[in-house]
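Dumping the structure here so I can ask a few things about it.
Read from first to last, the chains carry the letters A, B, C and D; within each, the first residue is number 1.
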Amino acid sequence: MACALSTSFLPKLAKPDVPISCHLRGLGCQASLAPSVEHHQEAIGEQTKLRAGEKISIGVLGASGYTGSEIVRLLATHPCFKITLMTADRKAGQSLASVFPHLISQNLPNMVAVNDADFSKVDGVFCCLPHGTTQEIIAGLPSNLKVVDLSADFRLQDVKEYEEWYNRPHGAIELQKQAVYGLTELNRQAVIDARLVANPGCYPTSIQLPLAPLLEAKLISSESIIIDAKSGVSGAGRSAKESNLYTEISEGINAYGITKHRHVPEIEQGLSAAYASRVTVSFTPHLMPMSRGMQSTIYVQMADGVSIQDLHQHLSKRFQEEEFVIVLPKGVIPHTRNVRGSNYCHINVFEDRIAGRAIIMSVIDNLVKGASGQAIQNMNLMMDYEETAGLLQQPMFP
Amino acid sequence: MACALSTSFLPKLAKPDVPISCHLRGLGCQASLAPSVEHHQEAIGEQTKLRAGEKISIGVLGASGYTGSEIVRLLATHPCFKITLMTADRKAGQSLASVFPHLISQNLPNMVAVNDADFSKVDGVFCCLPHGTTQEIIAGLPSNLKVVDLSADFRLQDVKEYEEWYNRPHGAIELQKQAVYGLTELNRQAVIDARLVANPGCYPTSIQLPLAPLLEAKLISSESIIIDAKSGVSGAGRSAKESNLYTEISEGINAYGITKHRHVPEIEQGLSAAYASRVTVSFTPHLMPMSRGMQSTIYVQMADGVSIQDLHQHLSKRFQEEEFVIVLPKGVIPHTRNVRGSNYCHINVFEDRIAGRAIIMSVIDNLVKGASGQAIQNMNLMMDYEETAGLLQQPMFP
Amino acid sequence: MACALSTSFLPKLAKPDVPISCHLRGLGCQASLAPSVEHHQEAIGEQTKLRAGEKISIGVLGASGYTGSEIVRLLATHPCFKITLMTADRKAGQSLASVFPHLISQNLPNMVAVNDADFSKVDGVFCCLPHGTTQEIIAGLPSNLKVVDLSADFRLQDVKEYEEWYNRPHGAIELQKQAVYGLTELNRQAVIDARLVANPGCYPTSIQLPLAPLLEAKLISSESIIIDAKSGVSGAGRSAKESNLYTEISEGINAYGITKHRHVPEIEQGLSAAYASRVTVSFTPHLMPMSRGMQSTIYVQMADGVSIQDLHQHLSKRFQEEEFVIVLPKGVIPHTRNVRGSNYCHINVFEDRIAGRAIIMSVIDNLVKGASGQAIQNMNLMMDYEETAGLLQQPMFP
Amino acid sequence: MACALSTSFLPKLAKPDVPISCHLRGLGCQASLAPSVEHHQEAIGEQTKLRAGEKISIGVLGASGYTGSEIVRLLATHPCFKITLMTADRKAGQSLASVFPHLISQNLPNMVAVNDADFSKVDGVFCCLPHGTTQEIIAGLPSNLKVVDLSADFRLQDVKEYEEWYNRPHGAIELQKQAVYGLTELNRQAVIDARLVANPGCYPTSIQLPLAPLLEAKLISSESIIIDAKSGVSGAGRSAKESNLYTEISEGINAYGITKHRHVPEIEQGLSAAYASRVTVSFTPHLMPMSRGMQSTIYVQMADGVSIQDLHQHLSKRFQEEEFVIVLPKGVIPHTRNVRGSNYCHINVFEDRIAGRAIIMSVIDNLVKGASGQAIQNMNLMMDYEETAGLLQQPMFP
């Protein structure tokens, strides 16, 4: 088939009036949608056998946690993906609805233990397993499967850094070399070509989206980048911990993991690459009395002669074609509530009181753009579907 | 047009693998999705000129409140409806995003004053204006417009009862006679045929869904129906009131409007009709520290010889074909969190400690099934589209 | 000692202008707070050697939970009690501040294991251990110690009922006979004379305070008493459970323990005693997104010829001399926020829409009047001090 | 009178075993309650007639707001102060309980309009009126009254700066010269001698307490002091605003007043004085979904050769004698929950990831140490009573 696959995506000002259906990017027509059970990379190309209305089979490993259930929630209205496999070792044999009754209206298979999973029937896998358990499991998957891994296990390209911060040997060093870091807007082409995507952490997503372009353009200094971040509690997952009880979280705030949070090397890896030189940041996360939402308030020194207007203009231009990254009009303050439940990231920049400094704010939903939403965005690209498919649900406010 | 319109809807166990597109109910095929550019009211009838992908034009009156913004949020992914008109008298001339930044990615017209609105270009209208202002405005709309009114102004069939509870004369007595009460699952055929639907209140929705079928079947007594209801704060709207400040609501609970809440006559109207005899209920609403969500805990006396199993079976059967009303498996307790942001209602029944009594629980999102979601569900039917179109977004948890 | 001790207490309208200091009730010093009733005092040393300003030594068993820390919080400003012993088996050797940093300014001994505790140096003990572990431990304490037990282990007078509801044999049957049920306002004289007080549960406190007097006076029917109760999460304690995570509790409500909550037999025990006949209630607790606070909304049938005014008058009269139980003026709705952090209970009654029925509301802070505050109130009485000593901290709002 | 008044206060390690009664600082005995300063109200006046147990009469101007009600809450257990006058113009004639039912158990006079207030019967006044209305009112008070003003009207010593930030002329320029800035721990002697104290703002309190000593000792640089502050909503008061509705605040975070918050000049005034040179800070406040509590996370550059240990040691030494300022042990992270409802400030310092930088955190309850508690602390000193009187209520957690 001659139709070249386009990497372009829908510009924000020209949203389709028709619903996004299950069609391949660039194919232009809904009818030619192509089939076949043995679906892999080539299939979405020359022979394109997927027929109209037929869906890609998706597996979710670790479906009983919050990122897993969020994948299921979002895929419920996805035009092209269909969940046919879910694993959860401690809940094997149970329905997802017994664990997450909010998903009871879904027609889903029962969960199985990962060792009992039949991967021959799925085309792509979202891996929502805990950090540290994931490397071996992904290494054991059939090589034709597309994989988006939501754990931290493949995010750090430097294996030594991984071993230092995670205090354990890396379990899949060869696979690490293939892993593509899936911050979609900053790494789209590599994601399209990837077989294994390491889905970014929530803090790194909210921080790199505004900072990487500014560092790349040398509009800000790499010295004294100070990041005061605030996160909802869902980032800590669903496991029972005293410190995450309602009574311990409600009506208060506290910092945690000061200087030691494991997202630090991931943040610095991305910023250093953008700046083409080693960047060290100050990063202090705070736990907030909210389930979802994340704000990074970032204090930076502008480069000589650079103004707030320059920063705003550069970011606006950089993201103007992006559906999910919105640089707000001047003066409008980002609120986490305004992206809740959605895949959007809102960004703005403000002049600081100290001359030459700027304040950059970015907000996301930590479970969506900071985890499961971006994972689907990446899988859409890897499968050659519309990048926004299944992700245009609007933020829920109030 | 020969094609008889069906009142059937998608059974839950056979959800479509294809996305719901913009097609008319009963037309049988997605391909025949109708003709012609010049789409106006007649099109949705005999000559059905709507072409594939073409959308119906929708107006939202009172877009700057929570029910208005919720209509906009939900319609953003609706396959058939497109908002082309929004009014907000005090915000006339402004963009919706200036009032609700969470909707900034939408491509919408600016808001206008209702008196400046051009209704000739819209096919249907959601009226989200405050109680008391709505009767005159709707009476002045072109008669070809389909209207779903989210206020209380047309809910009470007995004009005298309206005047007694609302302490003002009714402003559109003739129109009242045409108004159809839009509790969709209980009144579907009338909604389909309606031009003006009075969308139910949130409490009445959560209460009538389980009670009306049980009263109709005489499975419960009409005596001593005690309803202890709990609501999120968004039901009070966005206007600034001391009693709805964060500091006044957070970390506490209180009853309000004891015996005097204006939803009482609406509840009793529906239950009396179902029971074919006057029903008086005890109804005590409580304000909860949550933005969305509503639970009605209903204490009833079962009829002689009736068991909990009978209630569960009757409700299960009554709603088995409904997408949005789910009778939970025995013993599973409804949580408001499990329907948050969605159009679902979860119901269950429990045996009481006092012999012969039962406890019925139902949960909804007060802004969706209790307001804007049900309004869209009704408009879908009035426009002859799939009832579930645009409403299959799953509940958001956590 | 000749000084006859009075059981009277300070009327609300004549609050002392002097601070409550560390004096025995009835000792005549500092305001001559009144005599009467013979009252032995062996527990506090045979010869009653306590001098003005000297404090009683108190032990807290199970200091690392919420009720334990609440005892410590409240005793920090108690004029007569001083904590000299704290136990916490899993935190033995640690300071309380390491577990509860909010108490860091207190000058307290480190916690020890209960088996290592030296009880010879304390005069009274608050037992904040989990249900089921308490009977044996209290049975092993020196018999001269005054004990207030905050667990459920001694609340049910009928050992068989205990064994049925708690599904385990009672471990201290003899001691059970001595245990006095410590709902202070309803059982004051027995508490004064007690050596071991079973401190009531939170729900039973909020329910019996208004209902027992009305049942005793036969002003309400014992049939169809329907209690819809709402509680903050702190009642569930500090142990890590998935269901009590912030993400699981915030922004939602759900019932739990329907018909099976272990407070049911305690409630029915008290109400049956008041009514002098078996009372069975409908009791449905709900979990609320708040840390503290409890509301019981109680739906009752009034006796023939009884009016709301009668109920209000009877309760007002019954509690007019009580510091901690306030019957609100007619029409004022109780809010849990208005008793937060305090030992107060607010009550009111409302006419129902169903003729002959009434709605009774009572609110408390589940950790204070529902647990640690009432425990101190009881210990004050047992030690012959002012009942209100250390408990006049006002509710914290907002 | 010969008895020299001491400015010393109770060291933390030697808390009194006796309750703090109504006695003057330094007099050593409870019986001799007695004065010094010229003071009307005969009891406290020339002939020293105040007897044990007699209380000072206090007025609260603006009692119907949150800082006013908080004064009332805290004074309820104050051993020496008694409220005999309350004003609230719009609620004149009403009881405080009608506005704040949580204070219903207090025996208080009804509120009057400020113009109708009889100031001849009070010894001290807390002024809780809105910014901008206070200058004229205080200027009109009898000159013998001690006044603590909780508004911002007298905080800025430079009248021009006041006029610039508040955009209005100063209404009491002469009085401004007498006003003492009441950050108690940093300005104690001046407070003792003051007649009019300008009670600090909440942000300035939380920021100056740790920063002023470090700047004074030149342990940190005055360049690039970056303050990311987080506040509960009660700081915004009780007036009805859309932006403070529960639905707008819950489950989210947002910055506000970026670079323009009126606490900036107050912060810089204090820090500049401590540093003896102009200091400009970056200050970004964030609104949190909590009613009470404030955290300032402060990012600073240490002076050459200075270590984290130096900062910790300096602050520990500086505050070791203070009851209300607690420098936490190394590594312990401050939580706002741990000071909730109390007059305590918790502080700690942490090494940053960027070499040479430190992170300083301080937490307070914005309504207590950040407003009404510190006001009482100041009034205690102005009246020559124990500084901690009425303020030893412990933080409420959970």
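Note that in this section a residue touches a chain if its C-beta (ideal position, glycine included) is under 8 Å from a C-beta of that chain, and two chains touch if they have at least 3 such contacts.
According to UniProt, the chain labels map to these proteins: A, B, C, D = Probable N-acetyl-gamma-glutamyl-phosphate reductase, chloroplastic.
Only a predicted model underlies this, so the values are computations on that prediction, with no experimental measurement involved.
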Contact-graph distance - origin chain A, target chain C: 1
Interface residue identity across copies chain A, chain B - same or different by half: same
Longest centre-to-centre distance from chain D, chain (CA-based): B
CA centroid of chain A to CA centroid of chain D, Å: 45
Distance from the mean Cα position of chain D to that of chain C, given in whole angstrom: 34
Distance between chain centroids, defined by C-alpha means - chain B, chain D (Å): 50
Interface hub residues of chain C, defined as touching at least two other chains: 66, 234, 247-248, 250-251, 289-292, 335, 337, 340, 398
Interface residues, chain D side, partner chain B - complex: 66, 233-234, 238-242, 244-251, 289-291
Touch list for chain A against partner chain D, complex: 224, 226, 228, 230, 232, 247-248, 250-256, 258-259, 264, 280-284, 286, 288-293, 295, 297, 299, 333-337, 340, 350-354, 357, 359, 361, 398
Of all residues in chain B, those that touch chain A in their complex: 12-13, 15, 17-22, 52-55, 66, 69, 72-73, 76-77, 79, 82, 100-107, 234, 250-251, 291-292, 323, 326, 328, 332, 335, 337-342, 344, 346, 392-398
